[in-house]
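Encoded as C-alpha cells, the structure appears first; notes follow it.
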Amino acid sequence: MKDAMAKAQILMEALPFIKEHFGKTVVVKYGGNAMVKPELKESVASDIVLMKYVGMNPVIIHGGGPEITDFMKKAGKEVRFVDGLRVTDAETMDIVKMVLVGKINKEIVSLINRHGELAVGVSGDDGGLIHARKMKSDVDLGFVGEVDKINPKIIYDLIVEDFVPVIASVGAGSEGQSFNINADLVAGEMAASLKADKIIFLTDVAGIYEDFEDKDSLISELTLENCERIIDDKRVASGMLPKVKGCVSALEGGVTRAHILDGRIKHALLLEVFTKEGVGTMITKS
Amino acid sequence: MKDAMAKAQILMEALPFIKEHFGKTVVVKYGGNAMVKPELKESVASDIVLMKYVGMNPVIIHGGGPEITDFMKKAGKEVRFVDGLRVTDAETMDIVKMVLVGKINKEIVSLINRHGELAVGVSGDDGGLIHARKMKSDVDLGFVGEVDKINPKIIYDLIVEDFVPVIASVGAGSEGQSFNINADLVAGEMAASLKADKIIFLTDVAGIYEDFEDKDSLISELTLENCERIIDDKRVASGMLPKVKGCVSALEGGVTRAHILDGRIKHALLLEVFTKEGVGTMITKS
Amino acid sequence: MKDAMAKAQILMEALPFIKEHFGKTVVVKYGGNAMVKPELKESVASDIVLMKYVGMNPVIIHGGGPEITDFMKKAGKEVRFVDGLRVTDAETMDIVKMVLVGKINKEIVSLINRHGELAVGVSGDDGGLIHARKMKSDVDLGFVGEVDKINPKIIYDLIVEDFVPVIASVGAGSEGQSFNINADLVAGEMAASLKADKIIFLTDVAGIYEDFEDKDSLISELTLENCERIIDDKRVASGMLPKVKGCVSALEGGVTRAHILDGRIKHALLLEVFTKEGVGTMITKS
Amino acid sequence: MKDAMAKAQILMEALPFIKEHFGKTVVVKYGGNAMVKPELKESVASDIVLMKYVGMNPVIIHGGGPEITDFMKKAGKEVRFVDGLRVTDAETMDIVKMVLVGKINKEIVSLINRHGELAVGVSGDDGGLIHARKMKSDVDLGFVGEVDKINPKIIYDLIVEDFVPVIASVGAGSEGQSFNINADLVAGEMAASLKADKIIFLTDVAGIYEDFEDKDSLISELTLENCERIIDDKRVASGMLPKVKGCVSALEGGVTRAHILDGRIKHALLLEVFTKEGVGTMITKS
Amino acid sequence: MKDAMAKAQILMEALPFIKEHFGKTVVVKYGGNAMVKPELKESVASDIVLMKYVGMNPVIIHGGGPEITDFMKKAGKEVRFVDGLRVTDAETMDIVKMVLVGKINKEIVSLINRHGELAVGVSGDDGGLIHARKMKSDVDLGFVGEVDKINPKIIYDLIVEDFVPVIASVGAGSEGQSFNINADLVAGEMAASLKADKIIFLTDVAGIYEDFEDKDSLISELTLENCERIIDDKRVASGMLPKVKGCVSALEGGVTRAHILDGRIKHALLLEVFTKEGVGTMITKS
Amino acid sequence: MKDAMAKAQILMEALPFIKEHFGKTVVVKYGGNAMVKPELKESVASDIVLMKYVGMNPVIIHGGGPEITDFMKKAGKEVRFVDGLRVTDAETMDIVKMVLVGKINKEIVSLINRHGELAVGVSGDDGGLIHARKMKSDVDLGFVGEVDKINPKIIYDLIVEDFVPVIASVGAGSEGQSFNINADLVAGEMAASLKADKIIFLTDVAGIYEDFEDKDSLISELTLENCERIIDDKRVASGMLPKVKGCVSALEGGVTRAHILDGRIKHALLLEVFTKEGVGTMITKS
C-alpha cells in the first residue's frame, strides 16, 4: 500500500507538467547512443508514445552517421570527411538515403508502432517537406546541402490525424537530386517552421559545459544571448556545435525552450518533460 | 538519479493504462469520506484533473446526505427516514436542492477548477438532464423520486467542449417540481445513458465482501451474474445496496466495468485507473 | 374572422422586430416583482422562450436579495447592511450561494424548461465564468466582491448548442472562495463580455425619471452621455443606481442598447422586443 | 396599455405553433387570386418571410395559367385546351417558360426580397431539379409533361444557406427540351422528395366540400383514405382535382399534413401556421 | 498507335495550364455568334464543363440583345435605341426579363446540363445578387440601369456546391422594379466582386486592334494603362467599348487577366485556357 | 489554326472520361520497364499528376526486384530464388527495405514532385499500413511474407489532403520485423481495402493472351470468371501470374475494373484513362 501511495505521488507530480505541455509541439532530435543501444531505443520510443498520449505532439528528426559509414564500407565505398562533413558523391548520396530512409527511419517507426499505429516516416522529398541547396564550401563536398525552405504542411496534416511524424534529414534539391543535410540543423529549422514550443536534442554528453574539459562546469540553464557568446568564444566542442546552432536557430525562430539532454540516461526525455528533475542544459530566449 | 529512474519507471507503468482509457468516458460517483476530509477532497479533484488531461472524459455525480441533515437541523426541520429513505416534504426538498446544488456541487466545481477552468456543475433541471417521477412506496415519502429518463445532451456538449461535468442528483418532475433521488442509482443510469466505459463508486468500505461481517472475505473481481446472486441472497450491507444496484444497472446498460473503491484511501481513483494495483471490487459483465 | 385578421396583423407587426433581432444576443437582468409573482414569473419565462425560438440568444442573469434575507432569518443569522451592501461572513456566503444557485437559479431553469429542454443554470464557478475579487470598502463587508474578469466560453458554448444560459451572480475568487456580487453590475459586464446587442433590466419602476419624485417625468430615451450626467447629478434613486451603472458599463463595453423596463407589467420583455410599444427607458450610445 | 396586453397575448398564442414547426420544411403551392391581387401578393410574401425568420423552411412552387394565356394572345398565338390541359407547341413552350421563369418567378422573388436577400428562383432545369417526360394522352398535347424524377439537391443547398427557394414548374426533358407541367402535381412530388412536414395549397375556394355545390358542406379535416374515396366518387371539382391529387401524392410520399387554404383571405398562410384558427381543409395520413 | 501518342502529347501539353488554373474562378461573358450558332453554343457549353471538371470555377454571364428585339417585334412593341442603349419602358422591361431569364438563361443552363446536373441560372433578383439604380442620361431611357452593388453570396454558395452559376444581367432596383443593364459591364463588376482570377469576353471580332479599321493591327497583349489610353483616344469600336470597359473595371477590381476572344472560333475558350495558342487580346494589370 | 482545332477536339474527347473518373480512386501498380527507362519514368509521373489534377485519386504501389538484386551483389550477398520467390534472410531484408523505401520510393516521389508538392511515400510500417505474416512454404524462405491485414487510414488521410500516396510493398510483422511481399499481391489487396474504382498494372507485355505463346491472341476484355478459368488452366505466364491474381483479389474485393497495361508504351496510363484507345487487357466482374 505504501508503494501504491508513492506511485500515486509521482503520477501527481507529473500533472503540472502535463498541463503545461498540453497541445504543444515538441521537436525531438534523436541520435547518439539513444539510437544504438536496444534498451535506450525502446525507452525513447515509449517516452514519445507517452508524450503523444498525454496530449503533446512530438515530432522526431534523426540522422544516422555511424550506420552510413558501416554501410559504405560494406559496399566498398571510400569514406572521407572534410571539416567533419562527409564528402558525398552520387553513389554515397544513394547510400545515405537508403540507410536513413529505408533503414533507420523505418526502425524508429517500427519501435514506436509496437505501442500502436502511431508513427509515420517521412523524408525531405515527401510533400516537398525539406527544400535544400548545395552547401557552399572551399572543397567540393558533392551532395552536402543546407535547408533552403521548409514546407511543414505534411507534418501538420500528420499531427492533426494524431500520428507521430518521424523525419529523415534528407533534403530535396530543386532539380530532383537529394542532399545530405546535418540533422541537428534541420531539427532547429523544423522546430521554428512548426512554431514548436520546445526542441530537445538527445546527445551523448550531459549538456553544455562552461568549459567542456571541466566535467564539473555543466550549465543547467542558459540564455540565448549567453549561448551565442559561448559559440563565438569557441567554447563548444565541435560535435556539440551543430546542436547548439540548432538550438539557436530554433529559439530565434520563435521556439520557447531548447534542451540538450544526455540521451545515455534511460527515459531522459520523460524525465525532462514530466518531472522537476530537468536533466541536461536548457536554453531560453532571455 | 536512482530516484529519477524510479519515477520514470512508474510513469512508464501508467502508459498501457493511459492507452487503454484514451477517449473513454468514466462516471465517478463521489461520496462518503472522500467528500468530507479536505485532504481526500483535494486528492479526488486532482485525480479527476489528471484523468481529463490524459484523454479520458470523467463525469462526476454526487449526493450529499450528511450535509442535508445538518442543514435541516440548522433550519429547525425534523429529520425522518423510512427504510433508509429521507421523508422529503416541499420545504425539505428546497433544502436538499440548496445543499446539493448550491453548496456541495459548487464546492466540487471549485476544487477541480483550482487546476484550470474545467468543471461545470449541472443538476437534473439543466437541459432536462434527469427526468424523475415519484417513487412508489407504502408510506408517502413526499418528493423522493426515481429516474424516469435521462437526456444526456448537455453532458455530451460539455464533454465535447472539454469540460468536466459535475452532476447533482436532483431530478426534475414533469410539472416543475423537483425530486430527491439516490445518487448511486442516478450514477448507474447516467453511466448507461452516456455509454460510459467504466463507473466507479467511491465508498467508505474496502469493497464488496463475500460475507460483509468477515473482513477477510473481500472480493476483488465479480461477474454481473454473481453480483445479482449476492443481492438476491441479501448478502450486501444496506448502505452498499444502492451502489451495487447502480453497478448492475450500469453493466446491464452496456458499461464495461463497474468498480467499488475505498474512497478513504488517498488517490484511490488514480491508483485504480493508472496502476495495476486495482483497489476494491471490480464487477464485469461476464 | 375579423378576429383572425387582427391576430395576423399583430404577428405581422412583429416581423420587422424579429428580423432586426435575428441572431443577436440579449442579456436580461431578471429581478424584482417579476421574480416574485407567479403570473409574472411565467410571463417572463415564456417571453424568453419566444425570444429563443424566433432566433435571438437570450442570456438571463439574476440575483436574489429578499429570499436570501428570508433564509438567513430562518437559519437564525443576523442580517446587516452597510450602504446597501449585505455584510457577508463565510456562513452568510454559504447561504447566499445556496439560495441563488440551489433555489432561485433552479426555479428559473425549471420555469423555462416547461417549454422544452432549453435552460441551463450556471454560476460564477462553472467553467471559470466570473472571476471576482473582494470589494474595497471602509468597513469590512466580508465576502462582498466585484467582477475581476469574465471568461464567457461556457456561455458561448451553451448558446451554440441552443441552450438558454441562466446565470447566478456569484463570483469565484482566486483561492476557491466565493463572492457575493451585485447582479446588476455583473449583468452589465457580462453583456459587454458577450458582445451582446442589448441588455434589459427588469425592475419595479417604470423607468428612469428626470426627477424620480415626479412620476410624470419618465424618460423614454436617453444617451449614454446624459445618463452619466444624471448619475453625477445624483438624480438616480439608490435602488436604481446599480442598474443604471450596469447600463453604462454595458454600453461602454460595446452593447448597442440598454433598457430599463417595468417588470411589473406582464410580458414587458415581449412588448419591448417585438412591438413598437417600447416600454420603460432606453439608453443608447449617442 | 390594454392594447399592448392584447398584442402580447396573441404573440404568446403563436409560441406553441412556432415550437411545433421549428426546423420543418413546408412546401407552399402558390396560385390563384393570391398571385393576382397586389394586397394578397404582399401578404403571402410577408407570411413566408415570417415563416423563415421563426425557423421554418418554406419552399414556394408556382404555375401561372392566366398570365400565359394573356401573353400568348399578345404574341398572336392561338390558345387551345384539351381536357383542361394547354396544347403546347414549341413556340408556346417558349412563352410558358418566359412567363413562368422570367416574369412570375422573378416577381415572387422580388416581393419576398423586399424583406431581405432571401428568395432565389429556380426552375426545373437548374441543377437538374425536375426531370420530366411527355405526358401520355390520346390527343398530342405537345410539350405537356409529367414529373419523371426530382433531384432536390439544389433545394437542400439553398435551404442550408438560409434562402427561400421559389420554384417555377417547368420540367427538363432528357434531350434538352422543356415541358409544361401542372404545378399542383409538381408541388406534391416536390414535398415528398424534400421529406417536407407540410404542404399547403393556396386556392380560390374555402377548401374541400362534402358536396362542392353545397357551400355549407366544407370539410375541415379529412383522412387520406377518405380523400381518395372522394376522388374516386368524382366528388371533387375539376379545378380542385390536381390540388387534391397533389395532396395525396405528398402524403403517400411521407408528408405529415396537407392543407387546402382559401388564398383569397389575407394572411391565410400565417393564420394556418401560427394560430389555432386553422383555415380550409386539412388532410392527414390517418 | 502514332495517333494515340499524338493524343497523349496534347493532353500532356494541357497539364501546366490545368495546374495554373486549378481552383481559380473564371468569369465568362457569353454573347455574340457563340450564343446563336448551334455548333458554337454546344462548343462553349462543353468547354465550360471541361473547365469545371478540371478544377476551375467558371461563372457565366450573358445578355441577349438580338432576341429581345425579335420578341419585342413579335409582341408589337416599337424598338428604339438612344446612343446604343435600348429605351426601356415597363412593358419592354418585362420582355427583357422574360427573354433573358426565361429563355436565354434557361437555354444555356440546359445546354450545360446535357453533361450533368451542373448549371444553375440566377438573375439579379435572386439572393439580392445585383442591386441596380437608374442610369443617369440626358434623355429618359426608362428602366436602363447600372450596377449599384453586387452581393455575391449566392454565387459563392453555388460554387461551393460545385454548380456552374449562369447569370442573366438583370438588376434589382431598391423598390422592387427591375433594370436592364449592359451585360459586359455587369461581367466586369461581377468578376471584381468574386475576386476572379480571369475574365473572358466572347465576342464576334478577333480582339482589340491598334486601329480597328486595319485588320492586321490586332493586339495580342495589352497593359491596363495602354488599354485606358486606347479608350481615351476613342480608338475602340463602339460595340467593343463596353467589353473593354468591363475588362478595365475587372482589372481595377483585382482580377489578374482579362481576355477578349473571338467567339466565332469553335472551342475558343478551351484553346485560350488549356493551350499555349492563346487567341484574341489579353489585358493585364501591368 | 487547323492544328488548334485538332487540339481542342482531343481535349474534348477526354471530357467523358474525366467525368467518369471524377473523384474515383485508382490504384496503379508501377513496375517493369516503366520504372527503368528515364523517358517512361517521366511519362508515368506526368500521367499520374494529370490524373490528380482532373479530380482522380491515384495511389501508386511499387516493388523493385532488379535493383534489389543489383544491390545485393554490390554488397556481396548471394542471391537465391525458390519458385520465383527471393530467399530473404535478415540482412537481405535490410537491403530490400533500403532499396525499396530509401531508393525507389524516393525516386518516384521525387519524379512526381517535379510537378508540385504532391507525392508522399509510405511503406508498410507507416501508420500500420500493411500488417504481414510469414508466408507458408515447404522451404524456409526467411522474411518472405503475405498480407495479413491492411489499415488504410494513412492513405485516406493523404488523399483527403490532396497528396498522391506512393507505397513501397514492405510488410510489418507483429513483432517489429519486416517482410518482403510481392507488390502485385499487395496492390490487389490495397485496391480492395481502399474500395478503389480501378486497379492498373503496368507490365512489360501487351496484356493477357489467350495463349501466351501466340502474340495474336491478346485478350482485350475478360470477365472475372474467365480470368479465374485461365489461371486454373495454367495458361498464364509465371511472371504474369501474381498480376492476374492481384486483379482477381481486387475485383473480388469490390474494385470495378482491373487493367493490365503495356508499360513500355509512353503515356500508357493516360491513354487508358482518358481516351477511347484502351490499351492492354481489361478484366471486369461480369
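By written order: A, B, C, D, E and F. Residues from 1 in each chain.
Simple rule for what comes next: a contact is a pair of C-beta atoms (placed from the backbone, for glycine too) under 8 Å apart; a residue touches a chain by one contact, two chains touch by 3 or more.
Only a predicted model underlies this, so the values are computations on that prediction, with no experimental measurement involved.
**Q** Note whether the interface between chain A and chain F is symmetric in residue numbering, meaning over half of all numbers used appear on both sides, and answer same or different.
**A** Result for this pair: same.
**Q** Which of these, E-F, A-F or D-E, makes the same contacts as C-D in over half of the contact pairs?
**A** Among E-F, A-F or D-E, the interface that shares over half of its contact pairs with C-D is E-F.
**Q** So the centre of each chain is just the mean of its C-alpha atoms; given that, what is the distance between chain B and chain C in Å?
**A** About 35 Å separates the centre of chain B from that of chain C.
**Q** How big is the gap, in whole Å, between where the Cα atoms of chain A centre and where those of chain B centre?
**A** 45
**Q** Measuring centre to centre with CA averages, how many angstrom lie between chain B and chain E?
**A** 69
**Q** If you average the Cα atoms of chain B and of chain F to get two centres, how far apart are those centres in Å?
**A** 56
**Q** Which residues does chain C have that touch at least 2 chains other than itself?
**A** Within chain C, the residues that touch at least two other chains are 116.
**Q** With touch defined as at the start, can you tell me which chain D residues reach chain C in the complex?
**A** 1, 3-15, 18-19, 22, 46, 49-50, 53-55, 115-116, 265-267, 270-271, 274-275, 277, 279
**Q** Spell out the residues on chain F that touch chain A in their complex, using ranges where they run on.
**A** 74-76, 94, 97-103, 105-106, 109-111, 113-114, 116-123, 125-128, 151, 153-154, 157-158, 161, 163, 170, 172, 176, 178
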